[in-house]
Amino acid sequence: MQATIALLLDTANFTLALLLVTLGLVVIFGLMNVINMAHGEFFLIGAYVVVAVSNVTGSFWLGLLLAPIVLAVVGLLVEWLIIRHIYHRFIDTILATWGLSLVIKQGVVVLFGPGAQSVPNPIPTAVDVFGVQYPAYRLFIMALAAALALATYYLFFRTKLGLQIRGVIANRAMAASLGINTRRMDRATFAVGSALAGFAGAVMAPIMSVDPQMGVGFLIPSFLSVLVGGVNSLVGALIGSGVIGGATTIFSAGISQADAQILVFLLAMIIIRFLPNGIIGGRK
Amino acid sequence: MLAVENLVAGYPSGGSVLKGVTFDIAKGEVVALLGRNGMGKTTLMRALAGQLATQGGSFRLDGRDLGNCPSYVIANEGIGYVPQGREIFKDFTVEENLLMGVLGKPRLPNRLPPDIYDFFPVLGERRRQKAGTMSGGQQQQLAIMRCLVGQPKLLLLDEPSEGIQPSIVDEIGRTLQAVARSTGLTILVVEQNLDFVETLAGRALFMENGVIADRADRIGQLRERPELVHRYLSI
Amino acid sequence: MTRSARLGLSLTVLAWAGLGLAPLALDDWNIGLLTQYVTYGIFALSLGLIWGQAGILCFGQAIFFGIGAYSMALVTLGKLPWLGDSQWTGLALAVLLAMVVAALFGWILFQGRALSGAHLAIVTLCAAVVCEIAARRWEFIGGFNGLFNVPPLSAPNGDPLSTNATYFFVGIAALLTYLVSLWIGRSPLGTVLAAIRNDERRTLHFGYDVRLHKIFVFTVSGAMAGFAGGLFTTQFGFVSPPLVGFALSTEVLIWVAVGGRSVLMGAFLGALAVRAAENAMSSSLDQYWLIALGALFIVVVVVLPQGLFGKLLALAPPRRLGRGGTR
């Protein structure tokens, strides 16, 4: 019983962090039809912002606050330098952002070295949850990620800005002909998507090994979540993250982590193969 | 008010469709653009709306050259576009569709005016309904209102009566006429339905092979000079 | 023939002639390096064939390269006793096994509603990651450390080939691979592939079996990658899990994109150029080399989608598609 509760908590934890990264990917892909292969490295930068800031100032919280801001700026820069030149060349956006991810990864190696960095746990206590001693910081991550995901959904489905963004996603040319500044929507969305990834990286830093490869480690599960849930849908992102995050933690409990990864990838590939539009399928 | 001069435009891959279009429209006029299929009418509308890049020439609205502006700038300068096929947001409610008409216009308040549903009452009855579930005629009414709520100076209407039941076509024609008379709205309309053209428009331009080939300076000439209709419209 | 096509043909012939004459100018050490680059060039050709000709963007091309490399190592190390330990058997198994796996994988990818674009990229990328993890976990093929002491290419009497002989063997293999790819690209089959690349749906409506064409070319490409992998092992003497993985898969994408994805010779020379540049600059630029490579890649993709050599090396269209379109 206690093991089950702990497993459920772990699952929720990983799923919610994954959801933050996935949401960023989905909005960028949905709005701009850009596959951002550097999204994992945005996560990576988020984690290293925390490393750098807590090395210099000793404050984890300042780093957590700065990470999304830094990433929003990075997102704006990337959009301006690279993405806007290749909007209509779908394959080239994959390639160019892939090149970017190499640059960022190696840049981190140059600045911080190839080894793993550790970030001390900022809330090193445990809390009793239904009889399970569970790390308080993980509960904090869950609460924060859930709140942020809800805020994102609220932004997209309940605000006038969200309505405009969804309008651009549905019919870019018509939205522009109604006066909506599509360029500004693109920039804003790219910045918000990047900031979400950076925040996820920052908040996960204390419970992960912070090394230059951690971005790829998160990129692939979040890509799988997008495809499994259904491209172009925020609800799909939630379902996909649930499936991938859930399967990963549950398999890892029974078998080695490497085998669990293999199983999850195979599972995801089968789902993608038979449901090319994702689990939510017809709903675009 | 609208001055189109030697406009050349077309599709990125396929060369130019418009081969030097020139005409003027004065404020408050309602002008019909007539011609057979494939002569460039819709291309002209899309070019004026900024959805196609101009390759040569220019068009000015109240003296400002909008030739190479992105479409959101053109929309904010006062050209409203109701495209062929209506292109409403099918998954949005009627109200959300109408909101889209004002949200992109910084000079307008970002909410709907209270009298918005007076023009087409059916939209008010269905304002919480998904737009995609409505009939073609209702969708056309929605597309027109979505454009009008943004208070354009010039309305570009592409085939508003296409595939719509006659009673609604009449209603649309009468409403547009009333709006044009009361607000001084200028309209350029592409249309195949000559009855509709005669009730709404004051004069007509004929398009052939990417240029303005002829004109009828009074709409009555459509009946007085049957050779015009025969020359440019019959198949 | 237009001027640019004449230029493309002359430069292509010149490049091969230059490769043939290289041993006159280079010492043993550099010939050894060049042999490796040419092997990578074969690998790049395999990707150029599916990506440039048929528009299939595969992020897992190293899977087939790695299968070839492991096959060669397993056979020549005598790990598969019933097959003997001949290098010819090893090379044959490298090609065959990679081909079979590519055919199966291609069938999974392209049957029914084929995956394309983002889906294809991500599924192949994940497949590469899975294969790398699996290779690390499989003790029979050496697990995490891989397999060592793979013998170099040898003459029939068992003596290792000289550096120059190895170079010519690999070079001729590369030329043959190039000619096969070129022949596929310029045959009527290649025209259908180009049609698929341009507009898959329209090609389907013209009555071509798009699925079969894609699986076929994917299979051929897999065989080529496996062949390159087999040759590679004999030069390096060892195989390890990264050979089937994600990093090498993306490296080959870079070579092909930088060289010129739409022209086979561009893809081939892209591999040579990037590897040579890496060798020349990685010592002076040290850890900044990867940053420079990534930046070069971005610039090429954004500014020069045809790659560095794509425009120069473009050949004339096949004669049967010549003026008037008569056959």
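Think of it as A, B and C in the order they're written, each chain with its own count starting at 1.
The working rule: contacts are C-beta pairs under 8 Å (C-beta built on N, C-alpha and C of every residue); 3 or more make two chains touch, one makes a residue touch a chain.
Owing to the predicted nature of the structure, the values given are computational and were not obtained by experimental measurement.
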| item | value |
| --- | --- |
| Arrangement of touching chains [line / ring / star / complete / other] | line |
| Pair of chains joined by more contacts [C-beta pairs], A-C or A-B | A-C |
| Centre-most chain, if every chain is reduced to its averaged C-alpha atoms | A |
| Distance from chain C to chain B - Cα centre to Cα centre, in angstrom | 54 |
| Chain A and chain B, separation of their C-alpha mean positions in angstrom | 43 |
| Distance from the mean Cα position of chain C to that of chain A, given in whole angstrom | 33 |
| Sequence positions of chain A contacting 2 or more other chains | none |
| In the complex with chain A, residue positions of chain C that touch it | 57, 108, 113, 115, 117-119, 121-123, 125-127, 129-130, 133-134, 136-137, 246, 250, 253-254, 257, 287-288, 290-291, 293-295, 297-298, 301-302, 305 |
| Chain C partner contacts - residues on chain A that touch it in the complex | 29, 35, 82, 85-86, 89-92, 94-96, 98-103, 105-107, 109-110, 216, 220, 223-224, 227, 231, 258-259, 261-262, 265-266, 268-269, 272-273, 276 |
| Residue numbers on chain B that touch chain A, as the complex places them | 49-51, 70-72, 74-76, 81, 83, 87, 89-92, 96, 99-101, 103-105, 110, 146-147, 150 |
| Touch list for chain A against partner chain B, complex | 160, 163-164, 166-167, 170-171, 173-183 |
